[in-house]
Amino acid sequence: MYYDVFISGFGGQGILLAGQLLAEAAMEKGLNVTFFPSYGVEMRGGTARCTVVMSDNEIGSPIVDNPRCVIAMNQPSLVRYQESTPPGGLLIVNSSLANLDDVKRQDIEVHGVPMSELAVELGNARLSNMVALGAFARLSGSISSDEIAGALEAVISERNRSLIPLNERAIMEGVRYAGGK
Amino acid sequence: MPTIKIESEKCKGCSLCIDVCPYELIRQERTINHQGYQYVVLADPEEQCTGCTLCALMCPDICIEVFK
Amino acid sequence: MKQVFAKPKALNDEIMHYCPGCGHGVAHRLVAEALDHYDITGRTVGVAPVGCSVLMYDYFNCDIIEAPHGRAPAVATGMKRSRSDLIVFAYQGDGDLASIGLAEIVHAANRGENITVIFINNTVYGMTGGQMAPTTLLGQKTTTSPYGRNFNTDGYPIRMAEMLAPLEGTTYVARMSLDKPVNILKARKSVFKAFEMQINNVGFSFVELLTICPTNWGMDSMESIKRIQDEMIPYFPLGVFKEKETEDYI
Amino acid sequence: MTEQKRILVKGNEAVGMGAIRAGCLYYFGYPITPQNEIPEFMSRELPRHDGEFVQAESELASINMVLGASAVGVRSMTSSSSPGISLMQEGLSYLAGQELPAVVINVVRCGPGLGGIATSQGDYFQAVKGGGHGDYRVITLAPASVQEMYDHTILAFDLADRYRNPTMVLADAVLGQMQEPIFEHGDVPPEPRKHWTLTGAANRPARHLKSLYLKEGELEAHNRMLQEKYREIQKHEVRFEEYDVDDAQLVVAAFGTSARIARTAVSRAREKGLKVGLFRPVTVFPFPGMRLCSLSERVKKFLVVEMNTGQMVEDVRLNVKGDTEVEFYGRPGGAIPTPVEVLTQIERHY
Amino acid sequence: MKQVFAKPKALNDEIMHYCPGCGHGVAHRLVAEALDHYDITGRTVGVAPVGCSVLMYDYFNCDIIEAPHGRAPAVATGMKRSRSDLIVFAYQGDGDLASIGLAEIVHAANRGENITVIFINNTVYGMTGGQMAPTTLLGQKTTTSPYGRNFNTDGYPIRMAEMLAPLEGTTYVARMSLDKPVNILKARKSVFKAFEMQINNVGFSFVELLTICPTNWGMDSMESIKRIQDEMIPYFPLGVFKEKETEDYI
Amino acid sequence: MTEQKRILVKGNEAVGMGAIRAGCLYYFGYPITPQNEIPEFMSRELPRHDGEFVQAESELASINMVLGASAVGVRSMTSSSSPGISLMQEGLSYLAGQELPAVVINVVRCGPGLGGIATSQGDYFQAVKGGGHGDYRVITLAPASVQEMYDHTILAFDLADRYRNPTMVLADAVLGQMQEPIFEHGDVPPEPRKHWTLTGAANRPARHLKSLYLKEGELEAHNRMLQEKYREIQKHEVRFEEYDVDDAQLVVAAFGTSARIARTAVSRAREKGLKVGLFRPVTVFPFPGMRLCSLSERVKKFLVVEMNTGQMVEDVRLNVKGDTEVEFYGRPGGAIPTPVEVLTQIERHY
Amino acid sequence: MPTIKIESEKCKGCSLCIDVCPYELIRQERTINHQGYQYVVLADPEEQCTGCTLCALMCPDICIEVFK
Amino acid sequence: MYYDVFISGFGGQGILLAGQLLAEAAMEKGLNVTFFPSYGVEMRGGTARCTVVMSDNEIGSPIVDNPRCVIAMNQPSLVRYQESTPPGGLLIVNSSLANLDDVKRQDIEVHGVPMSELAVELGNARLSNMVALGAFARLSGSISSDEIAGALEAVISERNRSLIPLNERAIMEGVRYAGGK
């Protein structure tokens, strides 16, 4: 088993947390995993990106040119990264902030999920990252939404523990929108 | 009549101009620009702007021009 | 209708990479206004530091060089000594100038190099993600003073204007704040004066500007502005610490 | 040891965890991307361990604070990235000359100059040939995973103390920034007794730590003694890893992050039926030259892969038998070769 | 008959390599007397600079390390932070401390490191053969200011005691002269006080000593002594610039 | 040219004379033995030429003042000795990254650390492999006489400007301190027009000099461009000298002062009937490897003689044909091999 | 009776002690010591030395001991 | 022709000037020559040393382990350097400041010249270096005293030109003492 995913969006959308959660879940599942965040000067412009690689083998590079899945959480990410996933790859787009009309690829699987809107409906725009992970779990088949939810405790800080149920709900909402469990 | 022009694509929505306008003429939009920021606009262009330049002085991104 | 406020010509039209509210923007504008005012853009060379403002060459319309971290005053010295007809300014952050580059700034000042230094004091290492700077206030939490700056282990916030003013080599030393329009106007005057000193060959001029770094202060812009007023200005008093008259020198 | 839990940590934090596990309670450093999590971790953790975190005014100050701390006998360290490590070259030469143990972490970024903050292996020469002045060597470890960031930090303290020599962990931005699961382990070799430290001359003659030798012949003798020590290190401390080299016609040689990428490429080549292996130096000084030499008796070709314009390739060339071909594939300036790229190179040179 | 003046125990019997008349000898003696007085030789570590006094480890009976040029305060910081029970002093020349090592001395002082620094100001680079130092007086001819130090090109003699005293981190800052017995006695008191500050954990203490370098001044010893009095003291005024009371701190 | 008078000058002063002859009117430096006569000479002479002498506060400041001066288009230089050169490594990496011409003189002394002030060739690696961070090269000349101290300084300015690259004269304490007769000559190649300098953006777009490249692929492209330049340098600027190599069975390879000593030894060996020659790299980067390679087709053995523990020997080994034997004789730490010693080694390995 | 003892082999003949003695009791020899310096001696050991230690205070080479 | 000489004494005895004069003379004679002074930290102790090598061939090392001639201008130099000259070599000792009884070598040619005394008789102790050169010229046969005297002008600074005749006389005095021209 090998799977790699690239998540990109604005700073503040919880991109890194989403990646870390995914990595933690993969680790708890017994997989090898690497999580690579964007860092430093790149952050100034208000963008955030990360890559997660999961495998039952040793993992080579934690940075991947052509990730099997790209999650584009905003318009610039859609424009910039839709090209990187290989033919047959998966592109999950936050259709609340990115225009699906701008998808140029014909050779990949594209899913629009109005992550921000769904999150706002759940009561907090910041949950869009969890919605994204739910959709990812459903669409990639690489890891289950339960496994992701199960790792929340390890990743969410002590004082935010009470928010775990809400996060779980957001993950499920993503699963639901992407085609149901 | 004095007025200001805000380049919304440059604006980062820091709101420093909002706070400083004596007539509270500037407000933040809910929509975002291409940079991903909720930019600001002159709320009431017809009315009270005195062209005092306070908003422009504060703006770190030099998106405000003032006419008088 | 006349335009009463416009982008200075010495800046180009790029969107700056700074965070929302960041003080570098206003500081850039003031420098650019000075270049416009004295019509010196065409004979000015700027020295960019390593820090959030390293990319300032993307914004200014004058020639600019990048200096290694902290060494802008040495680079500026090399330029001005070799081409005294150029106007040379260094633009430096507090980590750059007051920490790693302390020897260079003090010695350039002490030698009385005829250059202008704009010093951006935001009490933090912006570019690298919010570590403690020499100017970080006591009690301030940063990523390397997670329990708040403690004088027992971390020492005291350093006051650069006060350190440079007594040196015989300096001619103009001021500290200004970019927290509100009136102070921005005063700062503008100071920046102008600093360039004027150099144009008149009077010697080393230095303007410290108190600015906000909302990102690394973990505050929004308005809270940040308030922090300048409530915490920074009391420790870093504003004013002109030294101003030699041109006549003293000629 | 009981079954341990894996924990997901960042490479830079693994360095901090390893250091504290090794008993290093004194950290001196200056911020620079991409290694800031090391000082940040230390500033959080050391006060809890009754240690000291000092944010130095510069890398020059950092390395010299380490020099002072080392002289009084404690384990101490600094960390930085490329430009900051350049500023430490005088200090490293002094540490080596004074035979002081010290651990220096270089989370290499791309250069030259300010360059960028993306990853690179462009500081190999500086580390292993000696970027400072004079004839000296820095023991240099090249981790390739977050687990090794942890393990090598502990090992670095051990080697530094054992040989009274500065020791560097030559990582890169990828290793510093990525998170991987690691095991924390407890088996740290005991700190040796140090008979040379400056701890006050009560009840013994005063001691001096110096690198200045003015009397005729003294400095030459000192240099020869140092070289003797470096030979000992070369004899005893060489470490490397091999995959599939036994029947390999072509062996890829790579260290650090490049080796991980090459590992994937080598597996894919094997899947395609190519007899390809991987040789990974774990220590780059001492360089595993003897092993390469004996491999070269059988292996037809070596392909060196680095994230630079060709540095370790010289050490490979210096060590393989005279007529062995050594090819090079490099990506400098922050670019990271992909497994596909490396595979293409393997196929090209096979 | 009682011996009323003897070589301090903290010094051994080596013939020192200094030139005839050189001020390092008296400075060494004063430090050694302090070590004797407080009976701390057995728990003191000295940091030797690069300069004529680099060989001081051949003369003192305490543990000593050699620091790279200018970095003695950083080395001392590393020692004292790791072993706070040790008494740590740095001994530095004016090239070492005020030129290449300026950032290190200012930051060690600003952090309030609990160390003692003895600063030998002889207005010249002794060891390297008489080049201009930051403290070289205006008009003074050296091998790199062959026409006399000129403030236009070389800047001004730097006053270190005055620069360090205002820093919050310093507790004792004095400048003394070794030109005549009465001043040597005063200097002795200052050096003692500086060590006392450290012993009492009060913080950073600093004593600047004006000394002669007949070799590089091109004068005999007596002319050199007169130069201290006629030229150096007027520019480098003697006195205690700062003295915090122990109680201020405890 | 009319018949010229020989004058007796010190190596360090010859550097100053050469620099001024090359039109370098801006000197920035910090005192250190054994090169003090360079700043001292410049402080005397430059004011007379309407130039500027600045005693910098440190070597860090020196190299960065040179960086500034170079950026505005003038010829400028600094000089130092080993520990001071270590402090310049960050600056050298920046100069290379920003493609700025600059001349740096290293009058090498013995190390590591403070070491001593006697002569050495222990900074070879630092100079030619790059003691700073990242992939860059410094053009490096290795004079062997006072005349060459003069000539190479002029040449260094020429090469630096031609290739927009820092250029080092790698001398040693013997060359700096000794006096020999030299001819001053007037034939200095004209300074090229510089289209990249920062001289004010009047009537043209603003220019930037930088080494930071953040956009994807930019820094890699910049690095590849630099490497291309270094290859050009290797193609066009290799310089070396040979004595008696034509029929030699054993060739001694040595640079700088070692080459002078070896020259005497080789003559004596010839007197004894041994077929021995001398190969002296005049440029050590670019290293005359191609020539060594073709020599090695015929020559049985090379004996490398250095005043260090073995540095250039690696470059010799890297370049000679696979099975050519390369022996090494070195004296580190300030010791100078005598002709007799070298002759003994020649006889031993012949 | 107060007196001083000068270690002539350590003395470098700098003459700082000579100048400072209120009774001019110290003088320089014409002969040199092993270091090559014309060392100083107490000229008139029997007489006026008060043991004031001024000479010893000035001596940079710590060659003077004072007894009282 | 090849000749090397090592001169050693106290600082202030004009050792370096003597070496430079010899080098200048050799150059003017058309020889290759190197002059190597001691420098730096070594000077602190008050010693001065230099080496001059003259040859009509290219010169290798300017520093020589076993110089054909050692001129010891004081006692420490005699003690320290008498061993360095090879069998058959020449040792010239300033017998005013060094004790000839301390000469241990039997296999070399030793000459004592009371250089300081002769210089004082000429009116200035600082002329001992010239006396030494005179003796060297006479005893080594490597260069003539006239050639040395002829180079004085190049070496002595402008404002001391008037002292040239006195220096010439000192050189001749050395020649005379060492066995006459």
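Labels A, B, C, D, E, F, G and H are assigned to the chains in the order they are written; within every chain, residues are numbered from 1.
In this section, contacts are C-beta pairs under 8 Å (C-beta built on N, C-alpha and C of every residue); 3 or more make two chains touch, one makes a residue touch a chain.
This structure is a prediction, so every number in the text was calculated from the model and none was measured.
Chemist: What chains touch chain D and also chain F?
Modeler: C, E
Chemist: A-B versus E-G: which interface comes out with more C-beta contact pairs?
Modeler: E-G
Chemist: Taking each chain's centre as its mean C-alpha position, how far apart are chain A and chain F in Å?
Modeler: Once rounded, the distance between the two centres reads 54 Å.
Chemist: Roughly how far is chain C from chain F, centre to centre by C-alpha average, rounded to an integer in Å?
Modeler: A distance of 39 Å separates the two centres.
Chemist: Between chain F and chain H, tell me the centre distance in angstrom, where each centre is the average of that chain's C-alpha atoms.
Modeler: Those two chain centres are 34 Å apart.
Chemist: Note the residues in chain D that touch 2 or more other chains, in rising order.
Modeler: 33, 52, 54, 57-58, 60, 83, 90, 94, 98, 113-114, 210-212, 214
Chemist: Counting only residues that touch at least 2 other chains, which ones in chain B make the list?
Modeler: 35, 37
Chemist: Check each residue of chain H and list the ones that touch at least two other chains.
Modeler: 40-42, 46
Chemist: In the complex, go through chain C and note every residue touching chain E.
Modeler: Residues 99-103, 106-107, 110-112, 134, 151-156, 158, 162-163, 166-169 of chain C touch chain E in their complex.
Chemist: Report the residues of chain E in contact with chain G in the complex, numbered from low to high.
Modeler: That would be residues 1-7, 11, 15-16, 18-26, 29, 180-181, 184-185, 214, 220-222, 225 of chain E.
Chemist: What part of chain A is in contact with chain B in the complex they form?
Modeler: Contact set of chain A toward chain B: 10, 45-46, 74-76, 97.
Chemist: Mind pulling up the chain D residues that touch chain C in the complex?
Modeler: 30-33, 36, 39-40, 43-44, 47, 52-55, 57-59, 83, 113-114
Chemist: Quick one: in the complex, what on chain D touches chain F?
Modeler: Residues of chain D touching chain F: 60, 82-83, 85-87, 89-90, 93-98, 108, 110-116, 118, 120, 122-123, 125-126, 129-136, 210-214, 217-224, 226-227, 308-309, 311, 314, 317-318, 321-324, 331-335.
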